[in-house]
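Take a look at the structures listed below.
Shared between the two complexes below is chain A, which pairs with chain B and chain C, respectively.
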Partner chain A sequence: MTLLHTKAPARRSTSRIGALFVTPYVLFILAVFAVPLGYTVWISFHRFYFTAPGADADTPWVGLDNYQAVFTDPVVGRAFLNILIFLVINVPLTVGLSLVLASALNAKLPFRSFFRAAYYVPYVTASVALVAVWQFLFGGDGLVNNLLGGLAPDPSWLVNSELAMPVIAFFVTWKQLGFFVMLYLAALQNVGKELYEAASVDGAGRIRQFFSVTVPGVRPATTLVVIYAIITGANLFSEPYLLTGGGGPDHASASPVLIMYQKGIEQGHPDFAAALGIVLVAVVLAVSLVARKLTERGN
Partner chain B sequence: MLRRTAYALLGLALSATVTACARSGPDAATAAASRGPITVWLSNNAQEVEWGKKMVADWNGQHPDQKITARNIPAGKTSEEAISASIIAGSTACLVFNTPPASVPQFEKQVGLVPLSDFPDGNKYIDGRSGSLAAQYRSADGSYYQMPWKSNPGMILYNKKIFKKAGLDPEHPRLATYDEFLESSRKIVRSGAAKAAIWPAPSSEFFQSWFDFYPAFIAESGGKQLVKDGKPQFDTAAGRRVADFWRQLYAEKLAPQESYPGDALGEQKTAMSTVGPWAVAAYRDSLDWGVVPVPTSDGRPANEVHTFSDEKSIGMFSSCENRATAWDVMKFATSKEQDGKFLATTGQMPMRENLTSAYPGFFAENPSYKAFADQAERVVEVPNVPGSIDMWQAFRDAWTKSVIFGRQSTESALHDADVRIAKILAEY
Partner chain C sequence: MSTTTATTPPRLWGRLSRTVRLVILLIGAVAFLFPFYYMVVGSLRGTTTGDLSSAVPGDLTGGNYAAINSAISLGRSLLNSGIMTGGVLLCTLVFGLLAGYALAQLHFRGRGSLFATLLLVQMIPFQLLMLPLYVLVVRDYGLGDNYLGMILPFAINSTAVFLFRQFFIQMPASLFEAARIDGAGELQILTRIAIPMARPALLSGVLLTFIGPWNEFLWPFLVTKNTDMQPLAVSLASFLSNLQGTVANPTGALMAGACVLAAPAVVLFLLFQRHFTSTDIDSGTKG
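Right, the complex of A and B next:
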């Protein structure tokens, strides 16, 4: 009894201190994420438009009308298809290339620090600057077409309905590779050297070691990389906006976020944009959950 | 304890949000009669800024108690977006000297604009200054929510050096009919004189049709707007002729399907461009240029050709607390004297009737502007209808798909766009 009496006030005190410490973060989460998300859900069920301060705006409840508009808009369907194309190219490439590069950069290489920094530079460089480089490469008169000569596609890469999205997927993969390489490099530090030594003693070569030791050893990082790549892909905006002049021909490179911008900001339909945003969140959650199940399978 | 803390935090966050959302603007009745300092926004065009600063200095010299502060319009991809965002934030300047007419219906819906017709002399002043040209700027309720200020009638500016290199007569270019235009374009591109004959932006932004399809459609149709009385006007013989003409330019690679990353005309990558008189000042020192009206299928005489105005208005915004001053400034900045200074500084056309007779000295000294001034008498505006931006985006989508990239026949694309735009107009 005595012990219990002396410990209880200490726990309460710890709880208070803990609550005090988390207060700023909880406030931040509520103000910056929870409240805007709730407001977005509210907007998506109402006829809503942005007005000047103090203006009376009628915002009637419209039920699922905005969602119906989203699901029946062919442009939205095209945008989700584009994202699917993007993810099918981007996610496997990101996982494969970043793991291979991280493994290489984890070994003792000459100029290792230089290579680590070199892969990271595109990630920290502004998209606008990098887009100019890709336009120089993949423009009609760009370097790639000059090299290809008569084999160059017509219409050219960035205005070609079939090729615009793959080019964007390769661009984003290249741009973000450094970040994912860094994640894998961190994960590789936790793979025990004794596992490689044991595999080596058992006669496993470098490739066998890679698939039997490295890949399982960094599986939690792979889950993180896959989910992060999916979320990044689903939020694609500046690349199609800048590379293909507002979504490309016939919305060939439009993304859901680009459509949200056009509808919500340019055309003054924030209610439609809000419904599309909620649909996008739901789709990303579902895809991420499936991806997590798949990548963690066999753990 | 923790539950209480959680409730307290939630309450705090919600009250902060509600406080942030509980915004208010100035009282309209009080503001309408109020005088005092105001802020104005000018476009980023160097010549307009030069004129704006002088106009502000002129006003401030005469009205020390009602000073104007001028700033450039906030940066944004388009001024439409910058103004729309500031309406929502309540941070718009009293007057914006770069208000796009296509966005006026949306700004009205946002309750962002002050109806100028509410000023006792509002209608009289606007009608008196712009005459018959003003009617296109009345909103659906019959009021003016914008002061039509200056136009940039679209004409075909061509590079004489490139024409000469292509073996064409630079003093008498054959550009009046579609056949002549195509023939000259073929000579330019196939001779290697320039990469493109004409190079409008082929991208999907809603406003790009104002610089390829719309001037040509206005000219071909004899001055029709995109929609009239709630009905689209472009799915007609005139609209189809325009679409087919442009389709041919793209199909024969006379106009590229890809945007040029810089200034194609200035860098001599294209021989022609649809521009307004702003281009005179911009290219005066770098190009030997000539100007002709937009082509028509039958080569109509220049004095019968209508074109797109590319007009910008002055808007008074509801965040303005000293609206009596703002209205006086609006009239001051559009007075005959200030319009003359504006014309001389920028070369852009004040929205006045009979410009050439109003400023004979300027046009005598600057004959290169005469063609634009003559064209300014026959300009057509974007329709002042709710849903304007949606409508233009729908049109642009159809245009890029069919005309620029040839993935649908121009006939069916125009028909689809007609149906879609009619639906948009019916929804508003």
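Right, the complex of A and C next:
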């Protein structure tokens, strides 16, 4: 009772200040997330043109016309297929490699901080800088082809309609892996030592322990990794735009965001791009939910 | 830690698994670091070609740095990157610390729903808002080729706000109560008690916030048409796609530009690596 009485005035006085402290952040969320999100929905149901600032233009309601255009555009279908290819390569590779590397790092080791730093460096580096190096490595007369000699693919990696998207998937896996290694390192701290002891008493070897103790033990982190991978796939732009020169041969490595940029800003159909954006959000949400169900199964 | 100390295997087996572990990590480290090594050596060679000879330091020169400097006016680009990043850092530190402290230690109406919104915002891919933001910022507000327009979408980094809140919430509320009874205002409590105690989180927050705008390509690419306003990531990308013919050793110049773009984030990360622990990442990403 006395506690409540002494606390009450403090609570009331911090209430107004609390609201004041968060006001800039609330305004920011409204301006940068809520309003643009609502605006996208609005644009997607209207015919919308870019106009000079202040100039008025007719923006008639067109219902689902923009959505119909999105669904019947073969390039859009190709872009979503590309993201699927991206995920099929990126997700297993990311989960497998980062879990193995994190397990190897999760021990007393010489040069531990050197290894951690090595894995993290690509993650903190700008995509544009790394794309430049990858072009240098995987270009027509790049190091990889020079080493492969006669075994080099023809046409070369970045201009090959079958290889362009896989190269992008490998690039992103490499760039982001350090982040996921960190994530798994943190998750490994939560796996109880007694589980390993129990497993070794039962006669389980190292590999068996990895699959029956470590893998289920870090399952929540795996869910997070998969969802992050899906969001990364949905956001893909710089890599197809820069690495494969605007989306590869015949849009072989185009992504939905790249199509949004080309259609919306380059070709001046922001209404089409807005509808594509909404479809993309819906697909991302649906796929994330399914992925979550799948990775959490058995828990 | 857990996997090695959990069991007490025979010594030979222990040494073998340690070796295997080191070999795996070493192969990984080479795969991660080789492109950076190739980039640095390539940026320093007089002729840079895509073969193994470019991996050997020799024929060294600083000419590529001079070439990229004259091709895309490096100084100006760096200044633009700095202003954009500095603006984002300033806004995130000032407004983000206020919001993080309020979400952790102050009671106000709508606190729960604001926190839920914060988590939701982190899940929305920024790219999806690019088009309406472009229409609003460039067309409606006329902020194309303007620092304010470049900064606006990133002004307050929600991940950093979340990180600050996690740190402030771990501090005992009684500490702040005591300061309030002594008559300290909330702003005083924040700047004199909470922030000094949260210094490690601040460093992680600064680093996380820094790499976003410094490395960002798509947004500044959309809002800057004037080359004098473009940050380094954008001007380097335009060199990558269409200006390479203008210099004698284009690959070398490109690698020099890539080094300049990569260096600040990498150096900052290496300097503060000790403070940038896996737990911070974990708390920064856990919903």
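In this text, the second predicted complex is superposed on the first by the 269 of 299 C-alpha atoms of A that agree within 3 Å, B and C clash if a C-alpha of one lies under 4 Å from a C-alpha of the other, contacts with A are read in each partner's own complex, and residues count from 1 in each chain.
The rule we apply is simple: a residue touches a chain if its C-beta (ideal position, glycine included) is under 8 Å from a C-beta of that chain, and two chains touch if they have at least 3 such contacts.
Just so we're clear, the structure is a prediction, and the values are computed from it rather than from any experiment.
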item	value
Room on chain A for both chain B and chain C (clash or fit)	clash
First (chain B), second (chain C), both or neither touched by A:Q267	first
Contacts of A:G139 with chain B and chain C, given as first, second, both or neither	both
Contacts of A:V159 with chain B and chain C, given as first, second, both or neither	first
Which superposed partner A:P240 touches (first chain B, second chain C, both, neither)	neither
Contacts of A:G248 with chain B and chain C, given as first, second, both or neither	first
Which superposed partner A:A19 touches (first chain B, second chain C, both, neither)	both
Of chain C and chain B, partner touching more chain A residues	C
Partner chain in contact with A:T51 - chain B first, chain C second, else both or neither	both
Clash-bearing segment of chain C, relative to chain B, as chosen among 97-105, 187-195, 223-231 or 259-267	223-231
Touching both chain B and chain C, residues of chain A	15-16, 19, 26, 31, 35, 39, 50-51, 53, 132, 135, 139, 245, 265
Chain A to chain C touching residues, read off their complex	10-11, 13-19, 21-22, 24-26, 28-29, 31-33, 35-37, 39-40, 43, 50-51, 53, 97, 100-101, 103-110, 113-122, 124-137, 139, 141-143, 145-147, 174, 177-179, 182-183, 185-189, 191, 193, 196-197, 200, 206, 209, 214, 224, 231, 234-235, 237-238, 242, 245, 257, 260-261, 264-265, 270, 273-274, 277, 280-281, 284
Touch list for chain C against partner chain A, complex	1-7, 17-18, 21-22, 24-25, 28-29, 31-33, 35-36, 38-39, 42, 49-52, 54-55, 95-96, 98-99, 101-103, 105-111, 114, 117-118, 121, 123-136, 139-140, 142, 152-153, 155-156, 158, 161, 177, 180, 186, 207, 211, 214-215, 217-218, 222, 233, 236-237, 240-241, 251, 254-255, 257-259, 261-262, 265-266, 268-270, 273-274, 278-279, 281-282, 285-286
Chain B to chain A touching residues, read off their complex	1-2, 5-6, 9-10, 12-14, 16-17, 23-26, 80-81, 84-85, 87-90, 106, 109-112, 201-206, 256-259, 261, 317-319, 389-390, 393, 397, 400-401, 404-405, 407
Residue numbers on chain A that touch chain B, as the complex places them	12, 15-16, 19, 23, 26-27, 30-31, 34-35, 39, 49-57, 75, 132, 135, 139-140, 155-156, 158-159, 161, 244-251, 262, 265-269
